[in-house]
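Same chain, two partners: chain A is paired with chain B first, then with chain C.
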Partner chain A sequence: MQYFLQLLISGLAIGAIYGLIAMGFAVIYKSTGLVNFAQGEMTMIVAYIAWTVSTTGSGNILVVSLAAILAAVSLGLVIERVVMRPMLGEPVFATVMVTIGLAVILRSSINFIWDAYPHGLDIGVGRGIVRVGGIGVRTGQIAVIATLLLLLAAIWAFFRYSKTGVAMRAVAADDRTALLMGISATRVHALAWAASSVIAGIGGVFFALSYDLSPAMFQLGLKAFPATILGGLDAVLGSGIGGLLIGLTENFAGGYIGSGMKEVAGFAMIIVVLMIRPFGLFGERDIERV
Partner chain B sequence: MRTGDYKQSYGELVTLIDSPPVWLWSTVLVLALVVAPYVLNAYALSFLTIILITVVGALGLNILTGYTGLISLGHVGFLLTGAYGYAVLVSKYQLPPLVGFLGAGLVPAAASLIVGAPSLRLKGLYLAITTLAFSFIINTVILEMRWLTNGARGIAVQRPEIFGVSFESDAAFTHLCLATAILTLFATLNIRRSRVGRAFVAIRDNDTAARVMGINLHAYKLLAFVTSAFITGIAGALYGIYLSFVNVEGFPFLLSIEALAILIVGGLGSALGAVLGTVLIVLLPEATRLVFSLFSAQMDAMFTTGAQELKSMLYGLVIILFLRFQPRGLVGVWHDLKRTWVNWPLRY
Partner chain C sequence: MRNHLATVSLLTAALLSGGALAADPGVTDTEILIGDVEPLTGPPALLGVAASIGHKIAIAEANNAGGINGRKIKYVLEDDGYVTARTIQGVKKVIEVDKVFAMLGISGSGQSIAVMPVLEKAGIPTVIDVAPVKLLWEPARKNVFVVGQSYEEGIIHLVNYLADKNPGKTWGLITQDDDYGITVRDGFDSVVKAKKLKVVYSGTYKKGQQDFSSDMLQLKESRADVFLAGGIIAENIAMMKELEKLNVKPVTGIFWPGRIEPVLKLMGPAGDGIYAVDYVEPFAGEAGKAFLEKAKPLVTEAEFKGINRYTMTGYAAAKVLIAAIERCGKTVTWACTISELEKTKNVETGVMAPISFGPGVRFSNQKLQIMQADAATLSFKPVK
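Our next item is the complex of A and B:
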């Protein structure tokens, strides 16, 4: 039972990180209709910037988080403006390939800007251990689960009530009609990239808090992929919940079957989901079987 | 005065080579490649061998991505299973190399059936996602199946001997790769001009229309995927023999990206493009290194320490720039040049 609870908590914690990154995928897919294969790399860059800020400055938690959010916003905006916007109107194949190219560039840039060694992001919080019901839980793990739940609520309210949120949903549903209603599609796209970068970046910073920064961190994006497939590529909230489920699956598979299974569990899940419910648990049922 | 290139019958549209000069130059090129191993030094020869092996793999992916318009992000998985298929059959069970090559094609083909059957029923990017997943799953599977694959230790592979001809020397091995590359080239060109190839292209251009014309989309997409995996597996076996050692480390994920970069740079959906793209992409890191080393020794040092990273950055940049500024690839450039040459001084 002790072991089960331990797996449950750590599964939820890593699942919350996957969930945040998966929400990043979904935000971009929902408003621009393309899968951003560079999501994991963007996450990694934001986490590295946060680490640089924490080591050069005083390491104040407020300063670091503000700097990380600012960095994430500008990263998203720059990528959208420089790389993605010129591809507007090109076939999906080409735009998706561009994100793949971008992913490779960002991934290898880590080794030139920073270095190939692992680093711990230490801003004085997140590594303390709290005892809950007989098992030790890191404060960082509690914080990331809480953050995911808070963001889920905030994003739900944003899409439901704010004018910008409704505009984003309109562009996602039918960009031409949205354009005729006076919504600027490019602004919505820019906003989506910035938001996606921030949400995923938060996940990356939390990952760096609980674990370590390393150039292999982009694999978080690959791990979060099953989450967004499970939750539904166009379901932002669903992707967050999908992340929790994938984290749990992975941890239980690793804990009870074997450590090799931990790596594959998520990917095996993708194939099962695509066979049974290709639009995901919470996605819209508009899969075309031509 | 010659005013253009006119076709007068359907037969002319599908001929492999439509003009005598092309025949002549192709023959000259093949002869030059046959002689090349005796003339080139070992360093240049290794590039030639790599190019020939990569051409086989790129042509394999071209059937899927170029002709049928489906993205695969996990072709390195098929390279890997192909290499292991060969290594296990030949090194472990001492079967003849030809059986090994057959296995190197059939094992990835079987794997592609498992991956493709569920994901190809759907339209869109699902194949990209499942193949990406596949390339990671297969690594774990190979590492776990120690009784067959030796796990992380890998399998050593000898150069083969086929029908009493030894391919032990570098020159002979290059000839083997050349023969495979030419065979693959003919195979893909013939697939392209047959009913099956036209069905692939129809699916790429407009799947609804293809369905209306009576093409079974699921079957043909699956056929494209399996054929592609088969050819890629052969390339994997050759690469394994070239490395003389097969293990998971020898086949990094970057190879999948490299293959896509080759197709985009060369021009999607054209066998000539796959060949041109391969030559450019394989030589690109080396050429860049040469250019930079002219400037300073420090740059040169950076290339030796961060070779893998610089390579990936180059591939990424090349993918983005070509998609942005020359989406038709090198083949597009070649066609434009040809048209200008024929019509000059007129515009068209």
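Our next item is the complex of A and C:
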């Protein structure tokens, strides 16, 4: 039982990180109809900025958190304004290629701005180990699970009740009609990029807290993308849950079948689920896949 | 007729005054070009940048001493991003476009193997230092020399040491699912067979894996006393932190690609006492400290921070190459340089055991040593 519970808690912790990044994918897709292949790289950049702030200042958790959020918002807005807005109205394939190019640029920037060494994000909390009944978990891992659950609730409320949330849904459903209703599609797009950057950035910061920061961190995006597909590319909440499912599947497969199965299990599950529900567990039926 | 004679005389004079210039590229009266292709971006930049810093230190040292027989060395460095196709492209570029005289490096093991046909065809003198694997010196190529020790020998040395120190104990191993992991596993298996070690856990992880929670939980459940962590850098850090979380601390050994000091800082107390094998001196020792003192005025502050064990391997290789070119005197040719490289005998670099090659011997076969991590000083210290 202890073995099972240890796998469960570790799976939820890594799954929560995948879930946060997956939600970032879904926010952009839901608002712009675009798959952002630079999501993992944006996650990594925000985590590196948080690390820079933590090492250059006092490392105060509030200062680092605020700086990371501001940096994430700025990153999202700049990318939307400089890179994505000029692509409005262009073929989807071209726009997707732009995000792939952006991913390569952001990935390479790590070595130019920082270095190739792994680093630890130390903000005084998150690295401690809590032991309950022989099960060990880092405080950062507990925090990321809690953060994901809180964000799921907050985002559900945002899309359900706030005017901006409803506007974002309207633009996603039919941007021309939304425009006629007085909704600014460009403003919605900018907001989506900023929100996506913040949500995924939170995942990145938690990853750096629980694990470490390295130029290989962008690969989290490769794990989070299947989580989005599993949950539904247009389902923000579903993507968060998809992340948890991928994390759990990986860990149980690794723990009960063998370490070689860990990386394969999540993808195997996606294949099975997509054969039954091609639009994902929580996605809407008529989405266009890229 | 008189005009023709004058032309022939002038050409003959030009050839005699700079025989090497006409024969081989990359050498002028004032300059010698040395090329290199390394991963300068992406995670493997950790080794590529560090190795290139080692080359730069040796080159700066030689240039400060007046160059090679009066010729200053110019270093041409290309980034391959650890992508084999780009390595081949980069090597072709420095040989055919930049027209370098000799090569150092080159990138990772797979990349070096892939460029072998290019190097062999070109015939350019090359000293490889970053990732020594047998395929680079077996079969021996006339113009390619390798400084270092084989991965397999390194693992055999480490496992033998740990087995002798922990008789009758159970073993666990995890390796990466690529050629590097296969080499580690082959070395491990050979000792397991020879010493009849009891292996209770054997796992493989996919390259790029970042979460090792289930793998380390399986290791814990297997109750392995000795653990060979076959990761490279970030993987070993993640494994050790996971073991710390699970409250287990087997005797752990790591391999030299991960034996860099920042790793210990990230492992924290979990990294204390882990064993490593290497053929270059630890920075905590006298030789390591002397090297850092020597390097400080020769590199920028950022480069100094980027120094790790690969800087030492790069430095040693560049020293050997420079010494061979120097022995050629004023007339520098590929043939002479290759011949002098072959005559390399007990060349002291201060960062590893003396380096030697020989007729038909293209591998320096460096002496190995076992080191142990000290978390308090964030350093590796030789085990007596």
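One rule holds for everything that comes next: the second predicted complex is superposed on the first by the 284 of 290 C-alpha atoms of A that agree within 3 Å, B and C clash if a C-alpha of one lies under 4 Å from a C-alpha of the other, contacts with A are read in each partner's own complex, and residues count from 1 in each chain.
In this section, a contact is a pair of C-beta atoms (placed from the backbone, for glycine too) under 8 Å apart; a residue touches a chain by one contact, two chains touch by 3 or more.
Computed from a predicted model, the values in this text were never measured in an experiment.
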{"item": "Partner chain in contact with A:V83 - chain B first, chain C second, else both or neither", "value": "first"}
{"item": "First, second, both or neither for A:G231, with chain B first and chain C second", "value": "neither"}
{"item": "Contacts of A:P278 with chain B and chain C, given as first, second, both or neither", "value": "first"}
{"item": "First (chain B), second (chain C), both or neither touched by A:G240", "value": "neither"}
{"item": "First, second, both or neither for A:V35, with chain B first and chain C second", "value": "first"}
{"item": "Chain B versus chain C as contact partner of A:E263, first or second or both or neither", "value": "both"}
{"item": "Partner chain(s) touched by A:M97 [first = chain B, second = chain C, both, neither]", "value": "first"}
{"item": "Touched partner set for A:N111, first chain B, second chain C, both or neither", "value": "both"}
{"item": "Which of chain B and chain C A:G19 touches, first, second, both or neither", "value": "neither"}
{"item": "Residues on chain A lying within both footprints (that of chain B and that of chain C)", "value": "107-108, 111-112, 260, 263"}
{"item": "Touching residues on chain C, where the partner in the complex is chain A", "value": "40-46, 49, 81, 174, 177, 203-206, 208-211, 213-215, 217-218, 221, 233-234, 237-238, 241, 244-247, 260, 262-263, 265-266, 305-306"}
{"item": "Touching residues (chain side chain A, partner chain C) in the complex", "value": "3, 6-7, 10-11, 13-14, 107-108, 111-112, 115-120, 129, 131, 136-138, 207, 211-212, 214-217, 219-220, 250-255, 258-260, 262-263"}
{"item": "Complex contacts: residues of chain A adjacent to chain B", "value": "35, 37, 83, 86-87, 90, 92-94, 96-98, 100-105, 107-109, 111-112, 222, 225-226, 229, 260, 263-264, 267-268, 270-271, 274-275, 278, 287-290"}
{"item": "Chain B - residues contacting chain A, complex", "value": "69, 71, 73, 115, 118-119, 121-126, 128-130, 132-134, 136-137, 140-141, 143-144, 207-208, 211, 217, 254, 257, 260-261, 264, 306, 308-310, 312-313, 315-320, 323-324, 327"}
